[in-house]
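By written order: A, B and C. Residues from 1 in each chain.
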Amino acid sequence: MTMEKILWQQVQLVKQKSPLVHNITNYVVMNNTANALLAVGASPIMAHARSEIKEMIGIAHSVVINIGTLDEYWSESMLLAAETAHSVNKPWVLDPVGAGATSFRDQVLQQLLQYQPSVIRGNASEIIALAKANTTVTKGVDSTAQSNDAVHAAQILMQHYHSTVCISGETDIIISPQQSFFIKNGHPLMTKVTGLGCSATALTGAFIGSVEDKTLGVAAAMALIGIAGELAVQQSKGPGSLQVNLIDKLYNITEEEFIQNLKIEQK
Amino acid sequence: MTMEKILWQQVQLVKQKSPLVHNITNYVVMNNTANALLAVGASPIMAHARSEIKEMIGIAHSVVINIGTLDEYWSESMLLAAETAHSVNKPWVLDPVGAGATSFRDQVLQQLLQYQPSVIRGNASEIIALAKANTTVTKGVDSTAQSNDAVHAAQILMQHYHSTVCISGETDIIISPQQSFFIKNGHPLMTKVTGLGCSATALTGAFIGSVEDKTLGVAAAMALIGIAGELAVQQSKGPGSLQVNLIDKLYNITEEEFIQNLKIEQK
Amino acid sequence: MTMEKILWQQVQLVKQKSPLVHNITNYVVMNNTANALLAVGASPIMAHARSEIKEMIGIAHSVVINIGTLDEYWSESMLLAAETAHSVNKPWVLDPVGAGATSFRDQVLQQLLQYQPSVIRGNASEIIALAKANTTVTKGVDSTAQSNDAVHAAQILMQHYHSTVCISGETDIIISPQQSFFIKNGHPLMTKVTGLGCSATALTGAFIGSVEDKTLGVAAAMALIGIAGELAVQQSKGPGSLQVNLIDKLYNITEEEFIQNLKIEQK
């Protein structure tokens, strides 16, 4: 089977399984990420109360932790969720929003990393900051050439925490011990809609909660939102309508659209 | 007057009164429910600080409590709001989101029920869980036939808490001591938009804050969102545009559209 | 240069500078205001944790404080942010949502005012309540004629706190010691979309973080959202599509559209 067909198969698996995805995410994107999850066939749960996190993770297929609007209460919830997911072996994805911006973020991220996220998804500067904040690997990152910083940082994170790492950007780079993917889908207008990176993370949560091969799942999630975004841009007058059209396209994308537009390289 | 005309009259009463509706609701739907309230002519207040709840309820015409993203702080706010609404005789509606999912939710819901919500609106599994969580009625619910579980649970809640109960689903069932309504409006695509149930609850809050007969108000609110949803689906390419078109249609629905599309039975 | 050209120049300055705008705002509007900021070329930060506020303000060009859904934790964050912005001389804008509705709001607002917001933007009743809550000026406000209440209140606030004050409404009135502007853009349907006032405040934050003359910046921000709103209404079927079309128009508005539609008077 071609890689195109294999990734489309992952998209179908999410629809078939309809995974419960437990999100502890930021206020800005809760509505959009819930709608993105529904559009691909998943069922979102948004819950952060420390009193119920363990039970929620018990019924969920996967967990999404996004620190965008963290505070002292929410960071405790996130740590409890990460610890629980790790201990009961539920796949979880970390979105280190704003890594490197403040020492509070970096401290919370360092603690979260101890629970070995199945997947880490961030932009290049967040992935670099995340690896740098890990003081034991600082030299490794600092000594890399500028252009390779994010890939090197991703490799360090992968090795230390046994995570699949996704660096999102003009090219999405997905790195795991077994394989790497380079995906060139998406459109610059997507950066003018708040939280599409967070939506990519949420979809990643749905895919790793539904499919066997987690790295394939991440690749399929990133390909799906990239292609849906490209197609949605064609019908949009600006970022307002893009936000709406993207949800529509995540919902009604066809196999033909997915396969004809996918731009992927595997290494 | 026909039932169709009577319900449309309720819709007009909301526009005339423009009720202040005080919402303590979940983060995911705050924007959408505020826009749904504005679209039907109500004025939303979103406020949860314990330091101001009593004053806010003093100026509001009705109160909406939705536990979707509750935590320990917010549950205290909700209890204070329910107690205040009950003691000063303001109509209030409870949306027991995720009832039965965790013991924390069930405990908070049990406490909220003591303040006798004017209306309880949830899906079948939430209404069943709510009645079950009330340990004094467990047997009653457990012994009912599967297909009638939700109606039986609704009747138990109605009797214990003097509430009008609305079970939303393919058919919305509204049960009060005096009368029952069965409404068959709505469209399956509406389940792919996050929080349309929460919007139905918010509209219910607007209607019980505006009209004399609370049960008629609930019926009119559910009919309105169901019909507006059906009509909006016809112009939508997916759940993203449905979310937008539904707000437009709540705003510009005509008497003819309402009356021609209403599918209601009264018992 | 004409005033039209000068204001359009301010719009261009925001795009060129792409200011980081740190928002402590309400849950209802976070998504929309983030998208409005992105649409005009700014970069939103939404962060409220007391543990990171000082660092966040260190990297931001301006600060937006909007008390819409305040509580005891968030009000502490807002006070810390206002104090920090004031002490390190970063421009900041205050949106006193619901001023006068509860004593809690008024107490928090009184404390915030001590840190001399660069700009205060609210509707007439909020501006009046804000000046009234300042007990030392109660008489002044009470003694004004009804129709001039808001302008008089704005002048009092301007004098006491050295703020530029913007009263938004059918006519937006912007008052500073040096000059006043009266802007008659906008459309009544905009009041049916939740939080467009909050978006105006957020854009004000972007402009005062980018331009030299803060009062010109406020005028340009208010003109921009008013004109974009008018143009967006022409393509909208109701408030749902207006919310979407407004973001599109903030993004793709042309110099010609801005200049031909601006209705401004300077005094």
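What to note about this one:
Methods note: a residue touches a chain if its C-beta (ideal position, glycine included) is under 8 Å from a C-beta of that chain, and two chains touch if they have at least 3 such contacts.
These numbers were taken from a predicted model, which means no experiment stands behind them.
Matching CA atoms, the turn from chain A to chain B amounts to 120°, rounded to the nearest 5.
Because chain A and chain C carry the same sequence, their contact can be compared by residue number, and under half of the numbers here are used by both.
Once the centre of each chain is set as its mean CA position, chain A and chain C turn out to be 34 Å apart.
Shared interface positions of chain B, i.e. residues touching 2 or more other chains, are given as 27, 31, 243-244. The touching residues of chain A, when paired with chain B in their complex, are 27, 30-31, 34-35, 38-39, 44-52, 55-56, 59, 73, 243-252. Only residues 26-29, 31-32, 68-72, 98, 101-105, 191-195, 236-241, 243-244 of chain B touch chain A when the two sit together in their complex.
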